[in-house]
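So, here come the structures, one by one.
In what comes next, chain A is part of two complexes: it sits with chain B in the first one and with chain C in the second one.
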Partner chain A sequence: MVYTKRHIAVLIMGLALLALGYCTELGLLDDVIKYLGTSRSKPAMITLPYTFGAIGVVIGLWQLIGLHRPGGLDYINSALGGALFILFVAMLIRWFLDPLVAVWSRAVGPVFGGKYIHDVFGLNYIVLGIVAGILLVNTVGIPSWAQNGVRLSRLGLKTGVVLLGTLYFLQEILHLGTASFTLIGIFVLGSVGLVLWMGRLMTVSNSMGGVLSAGVGVCGVSAAVAAAPVVQAKSAEIAYTIGTILLWGVGCMFVFPTVGKLLHMSPEAFGAWAGTGILNSAQVAGAALAFQPDGIETLKVAEIFNITRILFLPLIVVWLAVWYVRRETAVNGAAQAQSVGAMAVSAPRVSVGRVIVDKFPLFVLGFIFMFLLNLTGVFLPKGVSANDLWKGQYFDNNLKADRLLKDKDVDALRAVADKAKRSDHKAALERLIANKKVMSVSDYHALDGLSASGALSKEAKAVVSGARRSVMHTPKIVGWFRDWIVWLFAFGLTGLGMQITIASLKQAGGQPLVIGGVVGTIKAVGSLIVVIVFAGLLGLSTL
Partner chain B sequence: MNRQDSQKIDIHTTETGFQYHRGSALSIFKSDRREDVAALVCACLIALGAYAHVNYGWGFAHLRTLVGL
Partner chain C sequence: MSVKAERRAADMAPQPGRDRPSALRASSVLLASHDTEGSRAAERAALDAVVPGGRLHHLVIVPEFWRSITGDGWRINASTEHAFCDYLEAQIEREILEHLNRVNAQARARGIHYSASSEHGRLADCVVAASEKADYDLVMIGAPRPKGEPGLRSRLDLDRLTRALRIPLVVVPHPGASRKRSR
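After this line comes the complex of A and B, so read on.
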């Protein structure tokens, strides 16, 4: 069978992207960019459309005039058009629709606690991408030439997760390790147990209960698919579970950021909550980015919790294997258990070691590999070691003259010099005034404490904040990785939206939806309470 | 949907009846493991590209100079 469709759409998309890059480079879009306030994105609006436009033209021409024969090359070729389609939609949303919604939202004015509509509901390129995907697939549908490529979205998400390993540093893992393992341990094991118990009460089949418990308890769709063979789940049961997880996850993606903002949660606390309480990995990333679209801190914490949850997958798979064998034996009864034929069908022999080798997601190992690679300092500038890093940044106070404090800044600091009570705060402030720049990492932290103490005037606080920012630098390559991760997630989640049909959501109806809804709610509310009440104990920053 | 009907749904088939002969409705890959390997390869290529760009200046501008644009 030949999968590649001879269609002009990919070529047109390629040409449209080239035109976008060209118009941006010539400055024809400057007024639009100014109106939307996206001047910082201008370099990317030239580079990315040129690059992917050229790729699109080559693929489009190949699809139109090339000879296509059944085989692997044809299969991959057929998927590239759809991948470009997702990327095209993601670019339009990120550079035009998202800023346009923000402009309209600001025009309406603050509506809720001084925040704008798009802030309250988290209407950023991630959420808008998923919504656009859902609208597309449920109205005009995904064109036949793009159908294959839409199924590449999960690859984008997994690649993003692997690269995310380059953004974690040992200090953060050590800081979050206890919190994530405690929270995830309680809620993953608790959710799996609760689903299995409710399934038994509601007389749901063992295979349905098993696959649903993995999906609800661990990391959503991947876990459901991984656990399915172990509990001999039927295709319909996998589809039901996926529908339940997606329906619940989409709801969470909108509700979680709104609740987080209403409660004024810190990025760390929200990341911990989202990483624990939201069922599916994709929606964890979506909620984290919706909560904090202009930074990566929330996403990093949420993904640490998410990764910790994924690390529980082999344990859950083994638990389900043992549970299923026991349940089937019990259901069949002692008399049937003596029948060799019945046992052979209902209670397969499961090798614990084989299950772990076969089911452990390799992309999690990739994440860990990238993290370990990062620890070697290979991605850091010369002269900077991983030990010099603080929250992904390193200290360097070799500043050019124009980055030093100005005389009026120094005057603002002198005016509040006697307000500092603690000796370390006072000494750090004196050194800042004398040298017009922050002199050490310990001064950096002491000045942070001085700002937080409330002793400084608004003006002095701004000066201290600027001085602190000027000496902490993000390694250049880390900035690149961040950009790639954001685009990979935008690609993956827009494509994910294109797979959410109303029909698949309806499939979640009935008992799986009830069980998933009850356990999902308990997990979301329970983890929120634990994060709020035990934030200090878990080592999370306060709300 | 009764239990017997439920067995007829397949993740290889969309609601519109489109049948994926290769991969599943969720992925073009034959298995999760293959998709994981592809993700690892993509991530490594991106990491190498970013490394080459930051340390050796390879990238879009370099390419444009090479082709004379």
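After this line comes the complex of A and C, so read on.
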């Protein structure tokens, strides 16, 4: 079978992207860009459309005039149109719709506690992308030439998580890892157990309880899909479970950022809450980026929690398999005792090792690999060693003249010079005043301690903070990864939106909806309380 | 196309609370059902309607929503997703076969020639397409289930179906409707 469709759409999209890049370069869109306040995006609005427009034209022409034969290359070729389609939608949303919504929202004025509508509800390019995807698939539908490519959004998200590995530093992983294993351990195991218990109470079948507990307890649809064959779920049970999870996940994506903003949560606390409380992993990323669209700190925390959760998946699947076999054996044993010759439902044999190997998410290995690679210092510029890395950044005080302290900054520091008590603080401050820049990594840390000691005036503190920032740099390639991660998540989540159909959502109902709703709410509210009350104990900042 | 349905005046009189004998007689019926309570009522009605020696073709449609059932789950490996899709396909096939075997046994007992097929897609379109493949007297389907009755939500678009069908359509009432009334 040949998958590639001879359709002009990909060529048209490629030409449209080239036209967008060309119009932006010529300045024809300057008025629009000024109105939308997106001048910072202008360079990207030229390079990205040019790059992907050219790719689109080449692929479009090849799809139209090339000879397509069945095979792997044909399938890849057929998927590229859909990938370009998602990217096209994501670009339009990020550069035009998202800022337009912000402009309209500001025009309406502050509504909740001095905040604008788009801030409160997290209406940014990520949420709008998912919503646009959902609207597209449920109204006009995904065109046939794009259908294969829409599934590539999963690859985009996985690549995003793999690259995200470069943005963590060791202390951060250790610190977040402890908090995430504690929280996820409690809430995953707790909610799986709670669903199984409620299922027994409400006399739902073992297979229904099994597939629902995986979905509600671990990571939504992914877990339900992984567990369904193991617990031999019936088709209707799968539909009910996935419908319930999707409905819950889409709701959480809007509710969580709104609650987080109303409670003035810190990115770290919100990331921990979203990573624990939201059932579906895609919606975790969506909520994190909705909460903090202009930074990646919330996403980083949320993804650590998300990855921890996915690491629990093989264990939960093994647990469910053993649980299912025992329950079915007990039920069938009792049935056989009552009626000799009764047909016994055969429970599957469980190979623990096989389940763990099969269900272990490979992209997590990619994430770990990139994290370790970053630790080796391979992304650092020449002449900088891995020992110079501090919290993912490296020290370099070869500054241009305009980055050195100004005279008024030096005056502000001189005014507090005698306030420093510790000798190392005092020496570091003196060197900063003399050289107008931080002179070493040890000075960098000493000045941090001086700032935290409370000895400095507000003005001096700001100067020290600025001076410290100017000598610590993110490796160029890691900065590049950071930009791409945002695009990969925008691409992936817009594409995932295109796979959420109302027909699937509508399957939510019956006992699974009741059980899922109760346990989901307990999980969301419980994790919020734990994150807020025990933030200190978990080492999470709340402000 | 010959419609051999004859109405029996006596059977037409409504008798609340009692199962009525079939008011229809046909030699060739297309039955569209998918093992829900409503469609089981349609199956009973179809078996009653087909005369001995007549033909009953059973169409089972796998609704479109299964295509997007993996939704936004993206964390699993491709192999796990493939395993799930294979499992789901096999499970749906198993459920359909169990269903067809049951109806087949009932049809045989009544001396009805039974055949079956399954399609995937829009329910109404599949029924219309199947109705045009042979010379059926009528199409029988179950009514949508009343509100509050459990079941998957994949409604047949009656408007679309009735506009496109070229043979009579019989919609058999859902048993839940009479339960609701009797309450």
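We take it that the second predicted complex is superposed on the first by the 441 of 543 C-alpha atoms of A that agree within 3 Å, B and C clash if a C-alpha of one lies under 4 Å from a C-alpha of the other, contacts with A are read in each partner's own complex, and residues count from 1 in each chain.
We adopt the following convention: a contact is a pair of C-beta atoms (placed from the backbone, for glycine too) under 8 Å apart; a residue touches a chain by one contact, two chains touch by 3 or more.
Only a predicted model underlies this, so the values are computations on that prediction, with no experimental measurement involved.
Visitor: Kindly classify A:Pro361 by the partners it touches after superposition: chain B alone (first), chain C alone (second), both, or neither?
Guide: A:Pro361 contacts both chain B and chain C.
Visitor: Answer with first, second, both or neither: which of chain B and chain C does A:Asn280 touch in the superposed model?
Guide: It touches chain C, and chain B stays clear.
Visitor: Thinking of the overlay built on chain A, is A:Ala224 touched by chain B (first), by chain C (second), by both, or by neither?
Guide: second
Visitor: So, does A:Val162 touch the first partner chain B, the second partner chain C, both, or neither?
Guide: In the superposed model, A:Val162 contacts chain B only, not chain C.
Visitor: In the overlay, answer first, second, both or neither for which of chain B and chain C A:Leu152 touches.
Guide: In the superposition, A:Leu152 touches chain B alone.
Visitor: Could you look at A:Thr501 and tell me whether it touches chain B, chain C, both or neither (first, second, both, neither)?
Guide: The answer is both, since A:Thr501 touches chain B and chain C.
Visitor: Answer with first, second, both or neither: which of chain B and chain C does A:Gly249 touch in the superposed model?
Guide: Touch status of A:Gly249: second partner only.
Visitor: Indicate the residue numbers of chain A shared between its chain B interface and its chain C interface, in ascending order.
Guide: Residues common to the chain A contacts of chain C and of chain B are 154, 158, 221-222, 225-226, 234-236, 238-240, 242, 358, 361-363, 499, 501, 503-504, 507, 510, listed in rising order.
Visitor: In their complex, what parts of chain A are in touch with chain B?
Guide: Result: residues 1, 47, 50-51, 75, 79, 141, 147-149, 151-152, 154-155, 158-159, 161-163, 166, 205, 221-222, 225-226, 234-240, 242, 358, 361-363, 366, 370, 373, 378-379, 476-477, 480-481, 484, 499, 501, 503-504, 507, 510 of chain A touch chain B.
Visitor: Which chain B residues qualify as touching chain A in the complex?
Guide: By the definition above, chain B touches chain A via 1, 3, 5-11, 14-16, 18, 20-29, 32-33, 35-40, 42-43, 46-47, 50-51, 53-54, 60.
Visitor: Residues of chain C touching chain A in their complex?
Guide: 63-66, 68-77, 79-81, 83-84, 87-88, 91-92, 95, 150, 152-154
Visitor: Provide the residue numbers of chain A that touch chain C in the complex, in ascending order.
Guide: Of all residues in chain A, those touching chain C are 137, 153-154, 157-158, 219-226, 228-229, 233-236, 238-240, 242, 245-246, 249, 280-283, 310, 313, 358-363, 492, 496-497, 499-501, 503-504, 506-507, 509-510.
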